[in-house]
Amino acid sequence: GCGGGSTGSGNSGGTIKIGTLHPLTGPYAGDGQQMENGVKLAIDDINAAGGIKALDGRKLELAGGDTQGKPDVGQSEAQRLVTEGVTALVGTYQSAVSANVAPLAERNKVPFVIDISGDDGILSHGYKYAFRMQPRNTVFGTAGAKYLQEISKAAGKPLPKVAYLHESTAFGTGVFKAFKAEAEKAGITVDPEITYDAASVSDLTTQITQVKASGAQALVVTGYYKDGVLAAKAVSTVKPPLDAVYGIANGAFDQPQFPTDAGPASAGYFDVNYHLNDKSPEATKFAQAYQAKYGQPPRTGAALAYDSVRVIAAALERSKSVDGSKLRDAIADTDLTPLTLNDGPITFDDKGENSTALPALTQVVNAKPTVVYPAEFATAKVTYPAAPGA
Amino acid sequence: MTDGLRIDEASAGYSGLQILHGISLHVDAGELVSIVGANGAGKSTTLRLISGLLRATAGTVTYAGERIDGRRPHEIVRRGVVQVSEGRDLFGPMSVDENLRLGAWTVRSGVDALLDEVYALFPALAERRRQAAQTMSGGQQQMLAIGRALMSRPKLLMLDEPSTGLSPKLTWEVLEAVRSIRDRGVAVLLVEQNAAQALGISDRAYVLESGTIVLDGPGSELAEDARVRKAYLGL
Amino acid sequence: MTAVVAPDAGAHEGTVTRRHRSARGTLGVLAAVTAVAATMPFVLPESQQAVAIRVLIFALLATGWNLMSGYGGMFSFGNAAYFGVGAYADVVLLVGHGVSPWIGMVVGAALAALLAVGTGYVAFRYKVKGAYFALATFAIAEMLRLLATDTTWVNGTIGYHVPLLAEESWWMFQFEANAPEYFWIGLALVVVAFLAVLFYLRSKAGRYTVAIRDDEDAAAALGIAVMRYKLTTMALAAAITSVAGAFYAQYYLFVDPDIVLGQTQSIQAIVPAVVGGVGTLWGPVIGAVIVGPLSTVTASLLRTPPDALSFLAGRSGLDVVLYAVLVIVIVLVLPKGLYGTIRQFVLDRWRSR
Amino acid sequence: MSTAEALTTRWRSVPAAPVVAIGLVFVLIAAALLKSGSGTITGQAVLTGLVNGGVYSLLAMGLTLIFGVLDIVNFAHGAFLAVALFVTYQFVSTTGANPYVALPIAIAALFALGALAQWALLNHTMGRPLESQLLLTLGLSLLVSNLLLLAFGGDPLSVAVAGDHGVNVLGAVANQTRLVAFGGALVLAAGLYLLLGRTRLGRAIRAVAASRQGAGLVGIDVRKIYVLTFGLGTACAGAAGMLIAPFTTITPTAGDQFNILAFVVVVMGGLGNVAGALISGIIVGLVEQLGGVLLTGQSPLFGVFLVFILILVARPQGLFGARS
Amino acid sequence: MSVLRVEGLSKSFRGIAALSDVDVEVAEGTVLGIIGPNGAGKTTFFNVVAGAFKPDAGTVTLDGTDITGLPAHKVARAGMTRTFQLMRPFATLSVLENVAIAASVGGGSQRAARRRAEEVVASVGMDEWADTVAGTLHTAALKRLELARALATRPRVLLLDEVLAGLVPTERQPVLDLLAGLRDEQGLTLVFVEHIMAAVMRLSDSVVVFDRGRVIARGAPADVVEDPAVVEAYLGTGVGSGD
C-alpha cells in the first residue's frame, strides 16, 4: 500500500511492461481492438529495433487490460496493471474511463498517456502524470469553426448561419460551445442547436427537418459513429438545401467504412478530426505494416496508440530509468514527430495537453475520407459548396 | 385388473419430506372408489402422484398395464386419467366455453357434442358460457372444473374434495353428478371430506392414515365400521 | 375387508419445521468472518485489492437490494437511483462545499431514503406491483440519470472529480492509492449494513415486512399498516445502497451520471444477491464474494491460458463469454443461490435423517 | 360522495385509458406545433414517431409473449435481435441478394435459437422466481453478444437496400425501409393476435399463461408450449432484426439499446397483450419524437419514462392490462 | 346493544351489484351466522365491512364509531379482525411467527407478543405445529392458523369466512367447541359465513341469509331453515346438511 508502485520490479532488468486500457469488449470493442493493435505494433517495432537502448536494450512487454467501456472496470484494471508493475499506462478511448484512470495514475505516480479521450475536464485538475495525445474537444470546436469560415469564404460563399446537431453529453456539448464561441467571433450565427441522446437515438429525420426549416446553409454534426450514419441517412431522406454537412470530431464522417454505410449520399461530407498525416512516409509505412499484420486499414486511433508507446519509449531513453517520476519528467519533455497531423513535434504543455496536435479537415472524395485542409497536409482539394448527395 | 389403475408400494413427498409410505391401491374400470382420511393424511398427495404432478420416490403406478409413474401430467391425461385438483386450476381470465374446450385438448373430434353433454349436466354453466372463469362463484368454479375434466372423455376421473365451499344444495347436486358419471362407465376416484356421503355412493373405499392405507373395503361396509364411524364420520 | 393397521388418528408426522437461529450465533459467525476478512489487505496480492473493494461494493449493493426485494418482496430494478443519490450527495457536498464525505454519506443516505419513500408512496398508493413496480423503479432511476445529465449545477455529463489531497485524511476519507484503509472502511460499512438488516429483520417492523411480502392483504387484515412498513423497508434499503454509492465515489474519485445512475448499478445490485441466495442474510455477501472476482478471474484465465486452451488467448470477448457461461451454470445448478441451496440441502438431510 | 366515487370507478373501468393516452398524444402534438411554430417539423415528428414506434412495437411483440405469457424477464431479447441483424448481414454479404429475402431465414433461425434456449436452459428454471430467470437471460445476453463479437468483430457493419429513398407522406418524409418495417409491425401484430386468439396453439399458450398446472391437467405439454412460445417470441425478434437491418448500424450490442424500451412498451401495453404492445410502441415513438421537439436540451427518453410512470399510476396494470 | 351495525351497504363490480342495500346488526357477545348460495355476496360483505374494499354506499358502525371506508389495518386496530375463505398464511414463516406477528400489532414488546402467541397457539390446539413452516400445512391446520392469528389481535368482533370448509367431520367438532368457548367465556362477538348447516344451527344465535347481494331472510336459526325461499335458493330438497 505505498505510492510509486512501479518502482518495485521495474528497475532490475527484464522487460518493461506497458499497460494498456482499452474497451476490448462491449459497444466500443471495434475501436478498442484497433488501438490495442496499435500498441502491439509499436512494441514489436521498438523491440525489433533493439529495445530501450539506454536501459541495456531492455524489451517492452504489453500488459493488456480490458475496460469493457466501463469506468469502474477501467479503474480496477488500471489498479491491477499498476500493481503488476507496469511502467506506464496507455488508454483509454472513453473520457469517463480516462477520468477514472487519471487520478489513479497520479496517486501511484505512474505516467498515463491518453491516446484518445477528448473531454477537456480530464486534465483540468493539475494532474502531473497524465498526458494527452489527441487534440481536446475545445480545440476541435475552435479549429472546426475556423476551418469552416475559411473554406466557405475561399469558395466565395461565406456562411451567415449554420445549424448544429450534436449528441447531448459532455463531448458534443463541449465541442459545440467552443465552435459557437469561435464562429460568432467570425460573424457566423449558430442556430438552431439541436441535441439528441446518442445512446437511444434510432432516427434523426425530425432533427434534420428542423435544420431544413431553419434555413441554415450548413449543418455541423458532432456525435458517434452510429448516430453519424443516422444523420447522413436522414439528410439524404429530408434533402435540406445545404452547402455542406460538416462534422466536428464526428465518429463517422472520417471513417473508411462511412461511405459504404451511408451510401453515395455521403459524398462531400466534411469532418474535423485527428487524422493520420498522409504525407508523412512514416505514417504510410505504419499504415502498410498495420494492414499487413491485421488485414485491415488502421484508424487514427491505432496511430495515436502507436505514438503513445513511442512517446513512452523515447522518454525511457532519456530518463534512463523506469522510475515513475523521472519517466514523467522525461515525457513532459517529449519532442517527437507524430504520425498524425501536427503543428510541429509533440509538445506537452503544463497540463499535459499535446499543444501541437492539429485537427485535420477531411472530406469524402471518391467514397474515401481524404484530408483536404489545411493545405500543407491535403491530398485532395476542398470541394465547396458540397451539397449532400451531389 | 390390468385395465384399471394400480398403485404398488408407492412412496412420495415434498422436498425431503416423505408423506406417502408405500401405499397400494387399485381402481378398476367403471368403479367409484373413495379415499377417506383425516386432514393431512395424504389424500391429495395420492392424487397428485397419480396425475403426475408429483413423482414417486419408490413403488410403481400403472394404468391399463402400463407404468405411468414418472410420466408428466399431459402424458397421463392422454391415457384418460384426469384429475380435478383441490385448487381447481382453472384458466381464470378465459371464458367458461374456452375452459371447457381446453378440457377437450386431447380429444380431437366430437367436441361440440361433448360440450352439449357437459352443459346439459350443469345448466348453470350453460347460462354463463362467455363469463370469465375467475369471476364465477365458488360453486360454479367447481362445476366448471368437473365439466372441464369430463371434456377429455376420461376413463378414470379423480376428484379432490369437489364439495368444499359449496352450498348444501350444490353439494348434493355435485355428488349426484358424480354418481351419474360413474353410471356412464367412467371410473371415479373420489376424495371427499363429507365421508359419510362419499362412502354412501362409493363401490369401494380406502382409509388413509398418515400416509398409510389402514383399511379398505366396500363403501357401505366401511360406513358401518365402528372405527371409521368414530374417527372420520364424527358419529 | 382387510384392516392393515388399526386407525390411529392424531399422529402427525412429516412436518417442515423451522429452527430458530439465535442472533448470537449469527453475530459470532459475523465476527469470525469479519476478522478473517480484515486480514485481506495483507493476504491478497496488491493487484487484487481493487477486486476486493469491488466485492465490498457489491456486498453493500446486494444487501440493500436483498432487503427491499428479497425480504420485502418489492422487486427493484432501479437501485442505481439510490446509489447515485449517495454518490452525488457525497461529491456535491465535498467538491462544492468542502464537506467531509462522512457527513455527505449521512446526508446521501437521508436523501436516498426520502426518494425511496416518495416514489414508494406513489407506487403503492396506486397499487403498482410486481413487474410493473420493477420497471417503474427502473424508469425513476433512468429519469434521475437523464436529469443529472442535463442539470448544470451537478455538472451535467461532466461529473465530478474528487480532488486529490496532499496527504491522507480520515476526516476527508482519502488515503494513498490501494491503502488498506479503503478496504477496512468498506468492510466496516458492509458489517454495519449487515447488522442493520439483521436487527431490522428481528424488529417488529422487519417481521411485518416479511409478513407483508408473504401476504399483503392478510397482514392488513391483522392491523398492520402495510404502507408504513413497506416504506420503512425501502428507506433502509435505499440508505444502505446510497452508502455504497458514497463509498464508490471516495474510492474511484470520479462520478458521472452514467456511472453511478446507470443501469449497470441496478443490475450489479441484483446479480450477487441471486447468486448467493435471495431472501437470506448471508446470500448477498457470499454472492458478492463470488461475482466480484468472477470477471477478473475469467479475464486472467484467458490472459495466461493453460496450454490446452492457448488457442483462445488474446481474443477479446472470450473472457466475457466464459463469465456468462459461469453465471448461467451457477443459476442452473444453484436454484436458490449458493447459500440458499446449501442451506436447503442441509435442512433436507437433517430432516430425513 | 358515493355517486362521485361510483362514477370514477366506472369511468376507470371503461377502456378510458387508451382514450386518455391518445388525448395525451394530441396535446403533445398541439404543444409541439406551438413550440416549433412549424407544421412541417411537427408533421415530420409525428410521422417519424409513428414509424419509429412501429419499430419499438416490433421488438416488444416478441417480448410480450415471453414476458407477458411465460413470465420470463428476457434480457437476451436485444441480443437475439443482434443475432438476426448478423444473420441478415451474413446472408446479404454471401449471396448478394436483397435483404428482404433473408426474412424467412432470420425468422427460422431465431425461432430455432429461442426454442433451443428455452429447451436447454430456461425450461430448467420453470416456476422459479423472477430474478433467477432474469439472471439467466442476462448471462445469455452476454454470451450471445460476445459470441457475435468473437465471430464478427466489433466494427459496425451495414446492410443496404438498393434504391431506398424517402417517401413523401403529407409533406413529411420517411424512408421506404422504415415504412416497410412499420408495415411489418402491423402484420406481425395481426398475425400474433390471430395466432393467440384463433389457433389451437394460441389457446394452449393462453392456457399455460393462465394456469400452468391446469394446462398440464388438461393434457397440454407445458414444456413444449414453453419452447414453442419462446421460439415464437424470439422469431419475432428475428423478423424485427431483419426488418430494421437496412437502417441500423450492425454491431454485437446493437440490440441492447432497444431492450429496455421494449420492456417499457410491453408493460405499458399490459403483459401479454399484443395489441397493447403495438399501440404503446407507437405512443412511445410519438412521445420520444414530439418530446424531442418540445424539450430541447432534455433527452426525449425522459418524456417517455415520465409518460410511462403516469400511465402506471393511472392504470397500474398497463394501458390494456386485463389482470386485476 | 349491537356492537356491529351495518346499514344500507352496497357494492358493485363493473356495474354488477354484489351487495345491495344490506342491513345487518350483531349484538355484543352473540354469534351471527351468514348463509347463502355461492356467489351471494357473503365474502364481499366481509371485504367491505373489514375495509378491503370501499363501499359504494352505506355505513359500518363498530361500537358506536363510524368505520366506513377505513383501510383494513385500521378496522383491525379498531377491534374487528377477519379471516380469509381461501387461507392466506405468511407462507415462509412458522406457525408461531405467524401468530406472534398478529399478537404484536396492538403494541407491546416482541417478547410479550411471543408469549401471547404461544398461548393462542396452544388454545387452538396447534402446539405440535408451532415451529412448522406455514406454507406446508394441510387444510385443517391452516384453518386453525387463520383463527389463531385473528385471535391473537385481541379482537372484540371476529369475522370468520368458512373456517370449517375442507375439514373432515371429526376436525369440525373441536373448532366449533373453540368458537362457542370464545363467545361464552370471552364474550367475543362472532360473525361467521358457513355452508355446513349443522354448524350454523349449533353455533348461531341468529342467522342472516344472503341471495344475489340482498338479505332474503333473517331470524333464529330454526326459523330461517324453514323459510321456503331459503330452502329453494340454498338448502335444496336433497340431503342438505353437511353430515
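Note that the chains take the letters A, B, C, D and E in the order they are written out, and that residue 1 is the start of every chain.
The working rule: a contact is a pair of C-beta atoms (placed from the backbone, for glycine too) under 8 Å apart; a residue touches a chain by one contact, two chains touch by 3 or more.
Please read these numbers as outputs of a predicted model, since none were measured by experiment.
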Touching both chain A and chain C (chains): D
Graph separation of chain A and chain B (steps between touching chains): 2
Remotest chain, chain D as reference, centres from CA atoms: E
Mean-CA-position distance for chain E and chain A (Å): 75
CA centroid of chain A to CA centroid of chain D, Å: 36
Distance between the centres, which are taken as Cα means, of chain C and chain B, whole angstrom: 47
Between chain B and chain D, centroid-to-centroid distance (C-alpha), Å: 43
Sites on chain D at which at least two other chains make contact: 146, 149, 154, 297, 299, 301
Junction residues of chain A - those touching two or more other chains: 25, 29, 32-33, 168, 197
Residue list for chain B, restricted to those that touch at least two other chains: 17, 38, 40, 231
Contact footprint of chain B on chain D as seen in their complex: 203-204, 206-207, 210-211, 213-223, 322-323
List of chain D residues in touch with chain A within their complex: 36, 38, 40-41, 44-45, 47-49, 51-52, 55, 146, 149, 153-158, 160, 165-166, 172-175, 178, 247-249, 251-253, 256-258, 261, 289, 292-293, 296-297, 299-301
Residue ranges of chain A touching chain D (in the complex, touch as defined): 25-33, 168, 193-197, 199-200, 202-203, 205-207, 209-210, 212-213, 225-226, 229-230, 233, 236-239, 257, 260-261, 263
Interface residues, chain C side, partner chain B - complex: 1-9, 11-16, 344, 347-349, 351-352
Contact set on chain C toward chain E in their complex: 9, 12, 15-20, 203-204, 207-208, 210-211, 213-215, 217-226, 279
